[in-house]
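See structure below.
To keep things simple, chains are lettered A, B, C, D, E and F as they appear, and every chain counts its residues starting from 1.
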Amino acid sequence: MLLRYFKKLPILASLVALSPGAAFAQATEAATPNKGDTAWMLMSTVLVFFMILPGIGLFYGGMVRAKNMLSVLTQIMVVACVVCLLWIVYGYSLAFTAGGDFKEFIGDFSKLFLIGVSPASTTADGGLPEYVFICFQMTFAMLTPTLIVGSFAERMRFPAVLLFSILWFTFVYIPIAHMVWGGGLLAEWGALDFAGGTVVHINAGIAGLVGCLLVGKRIGFGKELIAPHSLTMTMIGGAMLWFGWFGFNAGSALKADGGAGLAMINTFVATAAAGLAWLLAEWILKGHPSMLGLVSGAIAGLVAVTPAAGFAGPMGSIVLGLLAGVVCFVFCSTIKNAFGYDDTLDVFGIHGVGGIIGAIATGIVVAPALGGTGLATGEYVMATQVWIQTKAVLVSLLWTGIGSLILFKLVGIFTPLRASSEEEREGLDLAEHGERAYNY
Amino acid sequence: MLLRYFKKLPILASLVALSPGAAFAQATEAATPNKGDTAWMLMSTVLVFFMILPGIGLFYGGMVRAKNMLSVLTQIMVVACVVCLLWIVYGYSLAFTAGGDFKEFIGDFSKLFLIGVSPASTTADGGLPEYVFICFQMTFAMLTPTLIVGSFAERMRFPAVLLFSILWFTFVYIPIAHMVWGGGLLAEWGALDFAGGTVVHINAGIAGLVGCLLVGKRIGFGKELIAPHSLTMTMIGGAMLWFGWFGFNAGSALKADGGAGLAMINTFVATAAAGLAWLLAEWILKGHPSMLGLVSGAIAGLVAVTPAAGFAGPMGSIVLGLLAGVVCFVFCSTIKNAFGYDDTLDVFGIHGVGGIIGAIATGIVVAPALGGTGLATGEYVMATQVWIQTKAVLVSLLWTGIGSLILFKLVGIFTPLRASSEEEREGLDLAEHGERAYNY
Amino acid sequence: MLLRYFKKLPILASLVALSPGAAFAQATEAATPNKGDTAWMLMSTVLVFFMILPGIGLFYGGMVRAKNMLSVLTQIMVVACVVCLLWIVYGYSLAFTAGGDFKEFIGDFSKLFLIGVSPASTTADGGLPEYVFICFQMTFAMLTPTLIVGSFAERMRFPAVLLFSILWFTFVYIPIAHMVWGGGLLAEWGALDFAGGTVVHINAGIAGLVGCLLVGKRIGFGKELIAPHSLTMTMIGGAMLWFGWFGFNAGSALKADGGAGLAMINTFVATAAAGLAWLLAEWILKGHPSMLGLVSGAIAGLVAVTPAAGFAGPMGSIVLGLLAGVVCFVFCSTIKNAFGYDDTLDVFGIHGVGGIIGAIATGIVVAPALGGTGLATGEYVMATQVWIQTKAVLVSLLWTGIGSLILFKLVGIFTPLRASSEEEREGLDLAEHGERAYNY
Amino acid sequence: MKFVIAIIKPFKLDEVRDALSSLDVHGLTVTEVKGYGRQKGHTEIYRGAEYAVNFLPKIKIEVAVDTAIVQQVVDAIAAAAQTGQIGDGKIFVLSLDSILRIRTGETDGDAL
Amino acid sequence: MKFVIAIIKPFKLDEVRDALSSLDVHGLTVTEVKGYGRQKGHTEIYRGAEYAVNFLPKIKIEVAVDTAIVQQVVDAIAAAAQTGQIGDGKIFVLSLDSILRIRTGETDGDAL
Amino acid sequence: MKFVIAIIKPFKLDEVRDALSSLDVHGLTVTEVKGYGRQKGHTEIYRGAEYAVNFLPKIKIEVAVDTAIVQQVVDAIAAAAQTGQIGDGKIFVLSLDSILRIRTGETDGDAL
């Protein structure tokens, strides 16, 4: 589990379920960070950054039509840049400080503008230079809202995306991050979320679902051929996501040790299993083993193993991956069609569904009997843990679902959410950004 | 040299030629892995992963016609995923345990499913968390069979590729890996192979040659213009291979020290020299300095320096690179044409030929008189060492050549190796995977 | 600041302004490099390599027309390879040894061919294995001349680019590197340049300006639509540059500590701020927020924060980024047009202008009152420091400007600089390299 | 026999094809073209450079038909392709000397 | 003079060109097109969405020839392009009023 | 009415369009094609394989005009497209039965 930062909460912290390898050290402020750990976290930060750009940019961008490629890329990069700045202005402070009256839900303003942080500052347990920890967390904050844009891609207006993302980061992401990692509600409950399955993936998946329902279907959806303009790009992006996810998951150990090694091997095998599962299911049920299916399955596996990466054993991760691959395939290829909504890039079908599977299953695969690590403190009882996990999922479902709904409505008051049908036909690249992606 | 894992073989191990920097430590189980080493190995693992995807995927994919792009990418990713799972099921155990009656050729079943491995386990000398070592080795195992698919690309059927890869991994890769790194035959002889020139490149090169001979030429080969569909992708992939190869070679030091630094500098200069050598040879002999030649030469240089990376000095590596660049150019542009076989992406011409040059030349450039590191134990005699290297090459030539031939024939019994001419004309993307790579 | 290598200059070195976190240790030869630091520097080296290929290759290549794509990629890769070899032949020695009579400007020949360097050698202070330091520095040397090719892209002949780059590396890059990092003139003055704003960016920017003025405008410039052939590639390349730049800047701490963390966070926020600044300025002034503008701004921000990365505080870096984004936008979109020269990819407008802003502003944002780190030795006085910074900029302006002019003229004596108009129309890919980038 | 060439807006292709099918015309050939005409283009900006782009993406449909139904075909295409906005395109009709179906060697009316 | 338009299968282009060369026809213009006709397309599946794609890649050859040899040309193209399977394509012949070679100003027969 | 088809060198497009504009011809359709003719191609080498590429990129312009100005149009195109070097291209003129403007239903001369 992510040994997040509890400066003033040593007692609370010790109640939280920890990764077995992670000695919490009761805030020995004096300790100097180990440079091996620091090197790994610097690198992990860079890897998570790579997930955003080019990672998710290409994975998503390859699936839209050429005329909307730049629109997707611009939205992702702008959102990431804005959140980057907001993170040091107030995000880090609100997510990772102790908080006041509402400390179950939100931190406080004591580190606005990173006041008081210097190169010599460390995390509470002295494990890492604080700047490094801030950077690592920042990449998670930057990534999450970019995931959402996939659901309403090819039709939502750029100003609306920008405004929504700022609000959503502030009122949805930060509180959830605080609840899970900042010593808030879900941490108190003992919910396990090693690398952010709830904070990042369920969160983004639900917001995406709400968004695409509100914005409506693309013109021609279900009638015209709306084929991905470059599955090559999607593969590149997907591979880069996997690559960067090693930093996301194994980096969440916050140490360069055997625990990081466990998270890494799980990030290998769950992903491989899920990719193969989707491919095989598709081969059997639809007649063709597709590359898009293979990559989609791999991403579903990555999503599902995220909360479990440091808790499950490798065999448990394989089972989790197989499950996520098959369920997400069925969801995206059948259930979604039955409902008939247009989630352009299956943000909900992969991040939402995969995230929920992972969050709940983490309560199972952590079982020592199944090769998992067990809990750091307290005795493991499967039913109890699964219930805690489920409750945590429900809280974030509600918070994000309701929050996103309100914020979309709010944004819609200030600026139209959706491009005109003429702009949509011409493509958002020309209509909104005045550029074309390709001139061969 | 790769300080591979000899849990129960301390005496044997000390006979094996080691990298001078690598203190073998006679299995001091108690030692805690240094976190700097661990950080570097986590990262190296991730870098080698990147060589597979997007690396080799784009390097290869860019050279085929657009209609077969997804076929290449899917084959590479599926093979990597399958081997990933097999590695933890039986691959690691069979390659890296001591073995029984046939211990010169294969390990044993004591670590099936990674039984007994935990985050606290380390390699025999305590140098690394065992999970990290397993992951690092896994990426080598995943990479090798993906290299082969380049030789019969654009015509071999997906099910045949899949089946062949599983068998080949099991009956060719694992034994060779055990022989070289697991304390088997070639290790006993004292053959030098720092990062896997024999295990990875010669191995894949020979298998590819056998494969393309058996499958036959592509329709239109030698008649129609069969131009690479995107040399841009080939360049991206080639650059990513170089990038990842720093993890492959410098990671094979298994430590973050000056020995890794030596492997890194050699991986820079041999590659640069080989790229320039191919480009210049082509410029002089064919009239144009081509980008494809430059990149191809660089890959040839990477292949050739792989076994020598931790043994040669930088100047020796430059000479090795120049040699590999020129010889592989002549091979791919002239000798191959004389034979008239259709190795689509020159798997043999680059990995096979470059690998053999590197393996034998390693016996020369290791010479202290040439700036090399010399042997860790025992006195260096050039003729002796070159003979040992040559014998090791011959063993793997035979093992892989015969093994691959048998396995291809075997696969052909269960499923046709080659696509119908109609499917080949339409392109494997649509015919086998039901998708098109590009829709501009 | 880069704790560069002053083996025989302990006294001089202590006069140089150092990064506060960097204890110089008066050349305690005996110290063993920390493996965490080494791991981070190995990784940083690899990251900077990635900036060259695919990084700058795609960033630049995407902006040219498809018919010149391979020409740009080949030029970049060949130049990088050649410099790679020259670096170990004489580059490192001349840049990083103490030097003789002209030691203010150039080192000496004592390390030609890396004589005397072994895996056990370390930097003077024992901080890093010398091979690792050589590799890290090598990537900077490889990168810098590749930046220049963007200015005369699409028309300069390959042989001329090759010859010019060799000369320029020798007579411009090496002396400037020595002056700034090797204990030469600018180091003596106490000029601050954390990661190479002057050596890399101003240097390349000026050379590019001279080059494009001498070579003249492209056919059709200002008349025909000369649109980027793939902004997708430009985005990928830009994102990879940012990714690699974390190694460039945070690696320049030469340590895995809080100082590297500071450089990393600055590399995040300045870039994000500059990207947004350009986008917003363009949105307001030209009516469209373009992706190309966003990415261009981000690169301008990276350039500007390079010299300041380890000295500024995060808020100072944001201001610096905003400034660089707006100024470079105005320069590239208005001032350049007013002058009417054809700097194909705005090497001067971004690297030159952004570099100068960064170099001078570093003297300001280092101020402790503005959240900066202050000077390592001596008292900080803003006017003094800004004046030192300005002087350093002027020296490199003159050295590079005059040097580049002479070298271009010299090259022109041996081989024409510019392709024939027929070759230019056909595209340099076919005309010079005998290949086409794309065959869809 | 007549050779009908229609230049239409790209997103109208499916509707036009359906309209032709309902006339029992089941063969046609489609080309991506750029059209220049009254319809205003757009401006593209790349860094400092602004370009007015006047060539707009269009679809060219070529369909050979019996003279008997050429008017119906033209009307059907026009009806399906019309949006009423500038740039809807043109339909050109040319005379055709002969048609051959390569597969069978059938000619003229039989070849359709 | 006649203007011959042939729609053929892409992989037959080289053979057709050779056939024309042997008739001393050394000029032609080629366009990549999509054809819709009797030949069945294929199905593409992207995640949940299945599409029947009926537009198939074809090559359009345009060649202007003297009226005297038009029949030979048509026959040669047909012979070279035939596979006997659905989708082999069509050959259309139109009448040509005039030809001009831009370089020299030569017209009609001389311009070929 | 006439249907003029011109095959030209790609970089001449802008000049040809300007020449047509000055004749008050404000509509045309452009296609990217490959031309085969007297103009020599180039050789491409990819590793061991050498290919002589004889299909060169050309631009096809199609423009329908009133018969009255067809000669002027042809001359204008020829003048603008000429470089005097092999490969400048051809201009073909065909007769046109009818023209329809989809947007308005106007026909023939009115549709131009």
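Methods note: contacts are C-beta pairs under 8 Å (C-beta built on N, C-alpha and C of every residue); 3 or more make two chains touch, one makes a residue touch a chain.
The chain lineup, named per UniProt: A, B, C = Ammonium transporter; D, E, F = Nitrogen regulatory protein P-II.
Note that the coordinates shown come from a computational prediction; the quantities given were computed from them, not determined experimentally.
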Chain labels contacting chain B and also chain F: C, E
Gap in Å, rounded to a whole number, between the CA centres of chain F and chain D: 18
Chain C-chain F separation of Cα centroids, rounded to whole Å: 47
Whole-Å separation of chain centres (CA-atom averages), chain A against chain F: 53
Residues of chain D engaged with two or more neighbouring chains: 31, 44-46, 94-95
Multi-chain contact sites of chain C, meaning residues that touch two or more partners: 34-37, 39-40, 43, 227-228, 230, 286, 288, 290, 292, 434-436, 438, 440
Pairs of chains satisfying the touch condition: A-B, A-C, A-D, A-E, B-C, B-E, B-F, C-D, C-F, D-E, D-F, E-F
Chain F-touching residues of chain C, taken from the complex the two chains share: 220, 223-224, 425-426, 430, 434-436
Chain E-facing residues of chain F, complex: 2, 5-8, 31-38, 55, 58, 60, 74, 77-78, 81-95
Touching residues (chain side chain A, partner chain B) in the complex: 20-21, 34-37, 39-40, 43, 47, 65-66, 227-232, 235-236, 239-240, 242-243, 246-247, 250, 255-262, 264-265, 268-269, 271-273, 275-276, 279, 286-292, 294-295, 298, 314-315, 318, 373, 438, 440
Residues of chain F defined as touching chain D within the complex: 3, 17, 26-31, 62, 64, 94-103, 105, 111
In the complex, chain E residues that touch chain A: 44-51, 53
